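We call the chains A, B, C, D, E, F, G and H, going by the order they appear; numbering starts again at 1 in every chain.
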Amino acid sequence: MNREQIRVLLQDVADQTCDVDQALGLLRDMPFEDATVALIDHHRALRTGIPEIIYGAGKTPEQIVMIVERMLASAGHAIVTRASRGAAEAVQQRFPQAHDYAVAHMLAVGEFPPPGPGPFVAVVSAGTSDLGVAEEAALTVELLGTRVERIYDVGVAGVHRLLEQRQRLWQAGCVIAVAGMEGALATVVGGLVDCPTLAVPTSVGYGVSLNGLAALLSMLNSCAPGVSVVNIDNGFGAGVCAHMILRGNRCV
Amino acid sequence: MNREQIRVLLQDVADQTCDVDQALGLLRDMPFEDATVALIDHHRALRTGIPEIIYGAGKTPEQIVMIVERMLASAGHAIVTRASRGAAEAVQQRFPQAHDYAVAHMLAVGEFPPPGPGPFVAVVSAGTSDLGVAEEAALTVELLGTRVERIYDVGVAGVHRLLEQRQRLWQAGCVIAVAGMEGALATVVGGLVDCPTLAVPTSVGYGVSLNGLAALLSMLNSCAPGVSVVNIDNGFGAGVCAHMILRGNRCV
Amino acid sequence: MNREQIRVLLQDVADQTCDVDQALGLLRDMPFEDATVALIDHHRALRTGIPEIIYGAGKTPEQIVMIVERMLASAGHAIVTRASRGAAEAVQQRFPQAHDYAVAHMLAVGEFPPPGPGPFVAVVSAGTSDLGVAEEAALTVELLGTRVERIYDVGVAGVHRLLEQRQRLWQAGCVIAVAGMEGALATVVGGLVDCPTLAVPTSVGYGVSLNGLAALLSMLNSCAPGVSVVNIDNGFGAGVCAHMILRGNRCV
Amino acid sequence: MNREQIRVLLQDVADQTCDVDQALGLLRDMPFEDATVALIDHHRALRTGIPEIIYGAGKTPEQIVMIVERMLASAGHAIVTRASRGAAEAVQQRFPQAHDYAVAHMLAVGEFPPPGPGPFVAVVSAGTSDLGVAEEAALTVELLGTRVERIYDVGVAGVHRLLEQRQRLWQAGCVIAVAGMEGALATVVGGLVDCPTLAVPTSVGYGVSLNGLAALLSMLNSCAPGVSVVNIDNGFGAGVCAHMILRGNRCV
Amino acid sequence: MNREQIRVLLQDVADQTCDVDQALGLLRDMPFEDATVALIDHHRALRTGIPEIIYGAGKTPEQIVMIVERMLASAGHAIVTRASRGAAEAVQQRFPQAHDYAVAHMLAVGEFPPPGPGPFVAVVSAGTSDLGVAEEAALTVELLGTRVERIYDVGVAGVHRLLEQRQRLWQAGCVIAVAGMEGALATVVGGLVDCPTLAVPTSVGYGVSLNGLAALLSMLNSCAPGVSVVNIDNGFGAGVCAHMILRGNRCV
Amino acid sequence: MNREQIRVLLQDVADQTCDVDQALGLLRDMPFEDATVALIDHHRALRTGIPEIIYGAGKTPEQIVMIVERMLASAGHAIVTRASRGAAEAVQQRFPQAHDYAVAHMLAVGEFPPPGPGPFVAVVSAGTSDLGVAEEAALTVELLGTRVERIYDVGVAGVHRLLEQRQRLWQAGCVIAVAGMEGALATVVGGLVDCPTLAVPTSVGYGVSLNGLAALLSMLNSCAPGVSVVNIDNGFGAGVCAHMILRGNRCV
Amino acid sequence: MNREQIRVLLQDVADQTCDVDQALGLLRDMPFEDATVALIDHHRALRTGIPEIIYGAGKTPEQIVMIVERMLASAGHAIVTRASRGAAEAVQQRFPQAHDYAVAHMLAVGEFPPPGPGPFVAVVSAGTSDLGVAEEAALTVELLGTRVERIYDVGVAGVHRLLEQRQRLWQAGCVIAVAGMEGALATVVGGLVDCPTLAVPTSVGYGVSLNGLAALLSMLNSCAPGVSVVNIDNGFGAGVCAHMILRGNRCV
Amino acid sequence: MNREQIRVLLQDVADQTCDVDQALGLLRDMPFEDATVALIDHHRALRTGIPEIIYGAGKTPEQIVMIVERMLASAGHAIVTRASRGAAEAVQQRFPQAHDYAVAHMLAVGEFPPPGPGPFVAVVSAGTSDLGVAEEAALTVELLGTRVERIYDVGVAGVHRLLEQRQRLWQAGCVIAVAGMEGALATVVGGLVDCPTLAVPTSVGYGVSLNGLAALLSMLNSCAPGVSVVNIDNGFGAGVCAHMILRGNRCV
């Protein structure tokens, strides 16, 4: 029962074509998703402005094309993460205007707002092997409309390379630190800046890197203030977090 | 070599009492912490306004009292986390004005800014056993000068208790979700709000809760947008993150 | 806004003392917990008949006495699990009629329905060290009003002891299999009966029993049909499940 | 030595063509499987009505076809789980009437009883990636003769989608909750219903989802009443459990 | 129904005071433990000669005394493993003739056969901290009636100490290798001898010894032939295995 | 310096063509492997009669053929375990008389002693998927010259199938119990027999079977006497152990 | 701002074309990497003499060729580790003089200093399957200019093979012990020598070798003095460590 | 048979009071520990100069006093690690001249060589909680006769504190990096210096620090060159390694 239906019901009560107990019964039995919960959803959509994202892993190119179509129709744009080459080609064949971000394994179709003028997110990565995850984070932030600065290849085994970038880091409103191996980057970055640091462990490494678990544990145990962590390789998740943090900054 | 010393050296060069190569040598060998890095630290202190915190676990009451004294002298206030009863008593005996937050196992001595008027942090917790960690988070936020609303005992096994609080949640600028057991609270909260959610797994539970590891894994795998995670029982860390996020909001 | 309040509002609409849009606004803004979700809770309480249980671990005797008082006032009875000796004594001092089930570490205060005449739950345990968990399961079932048969000390290293009990097992409507060590009991029991088997791993054991993890893994990998598993030492959880399964049996 | 043989032996004793000690020796040495244990098996088959299931993983198409043939001859029907495409094609070529349930990776050949009129099992799943496991559970229940309702794609990151389905959930006699990622669905479902909930963790996810281990731990730690858990991706096992639970309901 | 009862029944049949069908019914329904399975147990006891052992951990001194009493009455002797000091004192107070093996945390009451003349078990241990477990193994072997040679403190970090003992090792019929830390002893011993080696990891160590898990893994991965492993600290289990192996040797 | 060389040296001393100190120096510096340790090796080879085995995994067919050639030349026979199909074909092409045991993934070339008349090893396996590992164990025992009885497909979810075989089990001198999933077979077998039981966990299973770790843990925690364990899927290792155990039996 | 630029600035001050405060500002704001930190890097390069190494895993042949080109231009030589066959071929096609060390999966292009005359590193390995990692270690040491002795195939299951090599081991300045399976080699070697032992666990093994984790744990728990450990399969890392240790030896 | 005995035997051969074959037999049967292996031990003691160390954990004060006595008699000095307060008091009561290093939990009795003039070991630690382990490392180095510089409390969350110490670090011949939490210190130090870095993870931390496992994994995955790792909290082991590395440096 949506708003309009409730209005009609109330009008019927006002018109006395429906008596009070009957209306009460209808209201009580109404699936509350119609009256109330659906509002949550609507409300959310209005406030967040975050388009639904298609998680491409484990979906066939055909499925992805189909979902993109549906999302374009309803929302005017679509983002695909973890897109295989096959998915990228299928989407581009169907939507020649689609952007294929191969390094980040992402696709974007439709219109996206240009990043606004507010504070930016600094995406910092340790090694070239972390590039894919770093780009997934950076692109997510940009597609959501927030500005990004990329500071790549500044692993802490040569800590001076990172220190050289401290001026840019100090201007950021939020830092995303992407690192595999021992994940020490998040701690050193977190100790340099005074804005929130989102740490993204990557599955880069070998031996007991345990597919990123070593970096994850390292980051969770960081002794630097203001560091929180997302799942291994979850550049997208970090991007959404960072955008949410800076959106608060910007609008207020 | 600090700023003043460099100035003297440069003056000597200008006065030609020191020649260029000699000055170059002195500059090259100067411990850069004096010239540059020390500035980092000073700069940080100025910008962050986050007082040093004393991590009380594993320190004797005497050690804690001594550190508090030193911090009061230099900074005018001190915060102790993970304070044992013995530490609390020792600190209060020495500083009768100290506040003893027994539930949070925290102590605060000295003057703290009252929370400002900006957006607030909602601290949400699942069960009464999570109370200590939730309070550690909430008090940290407040002592750093940011406003908090406490929404406790809203575990998702009775999801309506949480839904009843959605209006307050929607007004928060950042949510800290504290939960042990299966940690599902972070996901449900993250799906309701559009601000950043900081998830704090707690070591509450038994069986294969693995001292909070089950909740931690659950939170890292959350499918809700905007969720990042801190270490198990790390209410203090979440509080610092949340304060940093909202401070950005407020000052801009 | 509860049912009565909605009725008043609708009457106002019918009486035209409140116009339709005004009513719509009120309804839309009503905290849905009042109109709808609260019903869930009420509904649940009516249907389940499962009294709230007090998890005693980590609560002081005083806290437990206080919660028991509140529950007696509202529900007429109270159950405490994981009750320490101190808690047991405090509760018995305050409520001399309280039952103290020391082996199961449980307390029960107030009136409980006698187990009905329907099918029974067989609680099977492997060794004497599993007794506490087995009793927690058995008592939970009984206090919820379902009949129990106890078949203890029938570990599978002497499989004939279990086989001797097969007649009683075949009459059960649900079996709870409690075992530590290698947890093989659940598989052998599950292979003997054709009703659901609830497996409870216990933390009994040493070496790489890993506090019950070995038994838990064993049970999750059981190749017998109809076996599902609860957390380590969670006799209470298994008891609630078993009661729910047989209540279905009984009422239809 | 089967029943008939024992009868003959006893007759011989009665006829005094075999003396008592001789008979005693024969009885003592009889493989008890013949006299007693074999009855177990027969008895079981009669009572359970659960056809033997072929676990297809790790078997060649030829092996599967051969086992299906044998089971059709003896039981009149056969079910294959975890059937590869190759196995599906081989079975359909040999038995054109075979049903190929591609999403669930199951095959069914022969006659199956139509689901009866009693209570139904609600199979609830979190995301589209959990579909295969959910369908394995649902089909298993149906092929065993119990009614199913499918409630898919109701992950708790958008908890209202699940709440919208609460009426159908309240009518179920047993719920199977299928979820990967953080597995929070089982807890939220378990908190909404008052019938048994069978939780099935799935290996969907990435990062530290650990191939379903994160969801498994989350479900084992569920704080909702009445939740028990089966192995990761074990839709079939949950289906058998649910059928056993409701069969009790129906026949009594 | 025991042997005598079956004999009576058969006599009744022979005497025709019981007809065949009646006897068949009685036999069919007889709890097979009486007719057959009990024989297993009796048979086992006769053949194994292994007295029941009381696992002392987690039992009160009173419980242990009670069980010892019962076992003395039925078997003439009793062995307690993992006996606390309290248990040792309680048993000795009640049975002054009891032997208290403090290093092995074992107690023995009653008559035990002196070790026979056959091949012996060599119990080899790495360090002094492994002594308790090594003695538990050695005493178990001796109390079961098999001869033991103790070769202690021959850790492989000084491999020559072990090599000096090779003559004695070569004469053993079975070796028990007890080691914590990295557990390498089992491999080196297994490479020196040509009889079976039973490896016992101990929980001695620190850091990532993981309470013996490192040693256990090391031993399971041993590249030496003829090595099998028992649980961490399970000296008793290794002793029983070794006795079984040599008993076979001796009797044939 | 081998035996002959020492003899020559001593002769030189006796002949006084070499003085005592010179000889002492030569003896002291002699690589002791020549004088003493090499004897170990020779001694071992003489006593064990266990041919070197080629572990085929990770070796190319060419490498395997080359090693087989070398072993045939020196020992007269060769055994390959974990042989790929390619290796099997390459070996058979070169040695047409080679036996290819495809199920066990083993190859045997040359003459092997027929199993002797002594006690036999019973190889018991739980499911058809454990067949490969069970056959690796059984063939190893047979090729080493010890008799084997195979008792397959007797998983404990239908415990009567195992009990039917108890007579054969009671005659075995050693049992190898092969099982994946929950590994309960080892415990039930160990409780039935009074000879040593070697438990072989297999990597069969899914979900949290963790590639055999669940079965391994279960077997290490077995509460049955006389059970020791080898590594996951290590049928070969169990076969060597069992042969060593029975060889002791036989020769004495 | 590099050294030359600082010199120019100082000259300007001396020439009074730049006043002191202006110079101070420039120096203070200079990215300190230019003034100071860059010197670190330069300094390091001068002292270490360790060429940058290309970690080939996860890079395309094209990427590797490109990086080799750049490194040849700047440093005159390049080393690639973990080079796939494709990478090896691409590099050799472009640089025909490149050395392809197939067993070690390494490539070396350009001029390398011949190993000097100082102490050598003994690289000891347990089995033929550890050869690749052992060679990666040995080649790394040699390419860095330090002498190596290879002592392969001396696993401790036949400890005499290792003992035969003790003379060579005693002459080494550092030992690298490479072993998979149970990793006991490191302990036995560490107990024989009095120079530092670098232990390299390898991922060779099966069952619960856990891809080298068992060997790693074993080595970390070694009770031999002077043993430290690098990551699983990290032959390169051990080689660099060993070179650093001996370079110290040589130059002083 | 020791050197003198062999000499006598050879003399007998020379004197022809013992014939060659008889001597050969005696030599062949001689326990080689006497002839050869014992030399290893003697040789080792001569070369290493590392006194035996008493690992105090798990030993009673009486046991420790007794071992110290024995070691003083034979070696003239003794070192105890992991000494409890009770042990310290007992040792000091018996040997008033004993040094009690309370922070390091070490005791030293007797004469120790003063640290020599060669290169020094820098012991770097991250936080005050790592002090005990750092001191155990530093004292070990000093007691073995090598010079130490302590650089404490330079955790990488404030990386400038570490950079300030780079001059001293560059002069060290070996660095021991002690850190708990995320263990990033080892990587940053390893990237700054060009001598070997020994990383010591400590069990300091909470949450998923897993008693030092997170730091251990981080250090094993370090991307800095020249880093090797010892067990958690194993300051003593790192001290011995560092001493061995620098002793090489010094003597050559």
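Simple rule for what comes next: contacts are C-beta pairs under 8 Å (C-beta built on N, C-alpha and C of every residue); 3 or more make two chains touch, one makes a residue touch a chain.
The structure displayed is predicted, hence computed values, not measured ones.
Chemist: Name, by label, each chain that touches both members of the pair chain C and chain E.
Modeler: Output, common partners of chain C and chain E: D, F.
Chemist: Can you check how far apart chain D and chain F are, centre to centre, with Cα atoms defining each centre and the answer in Å?
Modeler: The separation of the two C-alpha centroids amounts to 39 Å.
Chemist: What whole-number Å value describes the gap between the mean CA coordinates of chain C and chain G?
Modeler: 59
Chemist: In chain A, which residues are in touch with two or more of the other chains?
Modeler: 32, 37, 40, 158, 163, 192, 207-209, 213, 216, 220-221, 225, 231
Chemist: Give every touching pair of chains, nothing left out.
Modeler: After working through each pair, the chains in contact turn out to be A-B, A-C, A-D, A-G, A-H, B-C, B-D, B-G, B-H, C-D, C-E, C-F, D-E, D-F, E-F, E-G, E-H, F-G, F-H, G-H.
Chemist: Taking the touch rule as given, give the residues of chain H at its contact with chain A in the complex, in rising order.
Modeler: 126-127, 155-159, 163, 181-184, 186-188, 190-192, 205, 207-210, 213-215, 217-225
Chemist: Within the complex, which stretch of chain A touches chain D?
Modeler: Residue list for chain A touching chain D: 31-33, 37-38, 40-41, 57-58, 203, 212-213, 216, 231-234.
Chemist: With touch defined as at the start, can you tell me which chain G residues reach chain B in the complex?
Modeler: By the definition above, chain G touches chain B via 3, 6-7, 10-11, 13-14, 16, 19-21, 23-24, 27-28, 32, 35-37, 39.
Chemist: Spell out the part of chain F that touches chain D in their complex, as residue ranges.
Modeler: Listed in rising order, the residues of chain F that touch chain D are 129, 158, 160-161, 163-164, 166-167, 204, 206-209.
Chemist: Show which residues of chain G lie in contact with chain H when the two form their complex.
Modeler: Checking each residue of chain G against chain H gives 40, 43-44, 47-48, 50, 118-119, 166, 170, 173-174, 192, 194-196, 198, 216, 220-221, 225-231, 237-238, 240-241, 244-246, 248-250, 252.
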